[in-house]
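You will see chain A twice below: alongside chain B first, and alongside chain C after that.
After this line comes the complex of A and B, so read on.
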């Protein structure tokens, strides 16, 4: 079906900013860092505070920004921040605190090469930080991995919906390729910001005033002096995470009907892998791709659904081997799983992926 | 059709904006496009480059190892990207920026004396439009009128009075491109 909406050409970072305003975001708090600075730049240029009333604030640091999210999210507002790898590292304490007291918020990470300050070129080495914690304690965040500028535009509203559905921080784990590149994009429909009345109705948990004791005051604290009480809170969180695991796995497959050799990738590398699949298919190899769209929860159901025809799996990432852990856990030793990675900001080309896949196809071991 | 274009030169030569014009014109033509810059330290005096893909099919990877067309505007770019042009592809370079002319028999090589021509036109800022004109002469994969539309989209309103000069430079580029 042809899309009748107007087609724009813009960067992934710009799409994030436009999408935030359009989906009724109440507040953005962030600090500039390459390669995601266009998010704050675009929001500042669009001046949504004059139209929708959305607040845009350049915080004094990433630590301040994430704690502004804690405050804003606790009042039931749709709040978001964005940063890149070293900046998101600074936010981990705040994310853990928000997970602990179940505050919804959206955090965008346009990853660059690490560790440390690393490079300003694209990377995917924050996979483990995003999917298995990053901050302290037993907690999980929903993680969405966009692979196009269109995904950047579409995932903002999705991330807010998931964050509020589960009262949980949601991370959009992008990378410098998707943030910096321009593609055509159809912007999401405009939704008004929720009124105070709507937030009062929809978020009975929010600290937005008890209206002369119409309800008891809501207090957010992650501190418990009794270990047993804290364990009860953990049990409740784990039940929620299990529900998320059962319901929110997302992925897409490409040429997987008769697949024997499977690429597994996410984000920009999944685009390279698609190209590699088309090249290898032309040469007669039964190659396909599973793209993980949610990195947590990991799409293990889909991987197991397509597993019967598969002989070998090649996980491709811009890191030393992080998502491969989740693939191995999902496959549970039923198939050999290999890895191809580039690190530190180097982006692999489709040809490198083709060569790596041929290496495992022709390897008799 | 699928055009894979790498444009590379010094920061400030209009490399990224040339790519943007191609991308906008491609969209106006109803094509799919991707525009991927190499940014960062390279914009501060070093070599900047951009990969633009224009296709009537879905574009999978925005990252390329090889290209069908390379526009190389300085020697470091020539050294880096010459070998990445696909056999049968097109290579365009600016005479002034290249000290060692490229040698490849399997690629169609063209030169545009853009730096000198821009100086003659007393408007160094149209340098990239001369080059783009040359490209569209030998491979008119986007319509000239859509490049003009793209100029209106990419230039801020205060610079719209320079669009006639840019279009003139585009046509001039079509005249001065030479096969090597």
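After this line comes the complex of A and C, so read on.
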């Protein structure tokens, strides 16, 4: 049968822009930063305001951009931004405010090496920032980690669906490899933007000035003068996060049926690890890969499901060891967990991962 | 005459605006905020925009503005109200979107957002309460604190060598291409209140008609922060604030 899907060759950043328009996004607000500027550039070239009516605005800073998401999201619109590590650091205040008052929005972080201004080369060192809050206070955001240009295209709509399902900011934690590389991608089908009536139906909580008779005003404020009232808000949020933990874990496995030595990776490193598994399998080692797709909530159920045959675990990341904490918590000391990381923008090669895995396979301890 | 005979609609000379909630205000005696809230409530009602208005409140003394006016509100992070309002207006362009900000919020931490939203010509109104002091945190120096004026963080008076100069951001806003109407008003007597109301109404009308960005500064008193009685504060404002912050329209592209 002929494949009717629309197939293109494009960068991950471009795929984000195309997917945003196609999934009925109402507004994009962003500030240029390498390696993700193609998102705003592609949107500006495609002029969606003339077709779908989507708003595209270059903000004066990442601080302004995230607060535009706060304003737009609070009115019930599907709004998103994208940036890279130093810019996302600036957005943490706004993300905390949005989590506090349960505003849905999508934030794409095409990570680069840090700390500080760092480098424009790919990195994964914002893992902890994304998965344990990042701003002030107790809160969590849903975190999706794409590993291909196809994922970049598919995760935009998924992120919006999750953001609105839970009224929570959702982060797409990508990296410079996925943002910059070109791959074949099937673009998602075109979905119209919601009408005002549909937004009122879906978002009765929204503060968009629409006052149905008898409706009390919708107010977004995270301020409480009484500690007990603030604690009650926190309890409500934690109940929501627990529901998300139970419901939204996502992961994929590769060669894990009889796995004894497990790679755990996310994003672009999971692609290197997949190659390393193939090489090691050819040499007769029972090696597999667990790729975390949601980084928060962490896919601990799947990790524990495949745990029985596993002897050792090697966590590979482009950072000094951040996801390894979640792996250790998930296996709860039942298996030894090792780490291999490159930092500051260095992308590991499959051969490096092969050598690292052989190191722990042949280590008698 | 019985009480019932007196309470007749034809005898009504003044009433609380319908959009003012029956909530006890936290503002201090003599503070200008309450008067400005009332004017905004009256104007929204007169313009029939109760079901078309999004207010964005600041961090500062007006942080609880959403308790007092019966409209949809969004509480912005400190200084970010113009960015929040930008998205609201761009995504809902038939709505009245206004921010309500104090001097610290608008002219200090939010100066970048304020200038860029105004310069882009966002079709919003920015209400700017300038009392030259940080009221909520207990009377610290503001970007608009006058030279020589005493606050808890310039207890010997604002010294330009030590603290820099007061920022006349409203004057600055007149030079931005995106602003349509920039005015400075006060609410310390009946005449001033009437003029301030006309100014806010003009700004709101421009916003609804898609005419540029609109900035209405209200030079205000903070009797608590200034450590004066409400009457003394009004006098001090007239004698000192009005010299540096002159009252009147600074820019009106429609005139």
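In the analysis below, the second predicted complex is superposed on the first by the 358 of 365 C-alpha atoms of A that agree within 3 Å, B and C clash if a C-alpha of one lies under 4 Å from a C-alpha of the other, contacts with A are read in each partner's own complex, and residues count from 1 in each chain.
Operating definition for what follows: a contact is a pair of C-beta atoms (placed from the backbone, for glycine too) under 8 Å apart; a residue touches a chain by one contact, two chains touch by 3 or more.
Keep in mind that what you see is a predicted model, and the values were worked out from it rather than measured.
Contacts of A:173 after superposition: neither chain B nor chain C is touched. In the superposition on chain A, A:318 makes contact with neither chain B nor chain C. Applying the stated contact rule after C-alpha superposition, one finds that A:184 touches chain B and leaves chain C untouched.
With both structures placed on the common chain, the touch criterion links A:26 to chain C but leaves chain B unconnected. The larger set of touched chain A residues comes from C, when the choice is between chain B and chain C. Contacts of A:61 after superposition on the shared chain: chain C is touched, whereas chain B is not.
Touch criterion not met for A:159: it reaches neither chain B nor chain C.
On chain B, the positions that touch chain A within their shared complex are 20, 23-24, 27, 32-37, 39-41, 59-66.
Contacts from chain A toward chain B in the complex involve residues 7, 9, 34-35, 119-121, 177, 180-184, 268, 271-272, 274-276, 278, 347-352. Those residues of chain C that touch chain A in the shared complex are 50-54, 56-57, 63-64, 66, 70-77, 80, 83-88, 90-92, 95-97, 112-113, 116. Of all the residues in chain A, the ones that touch chain C in their complex are 26-27, 29, 55, 57, 59-61, 63-65, 67-72, 74-75, 77, 79, 93-94, 97, 101, 207-211, 217-223.
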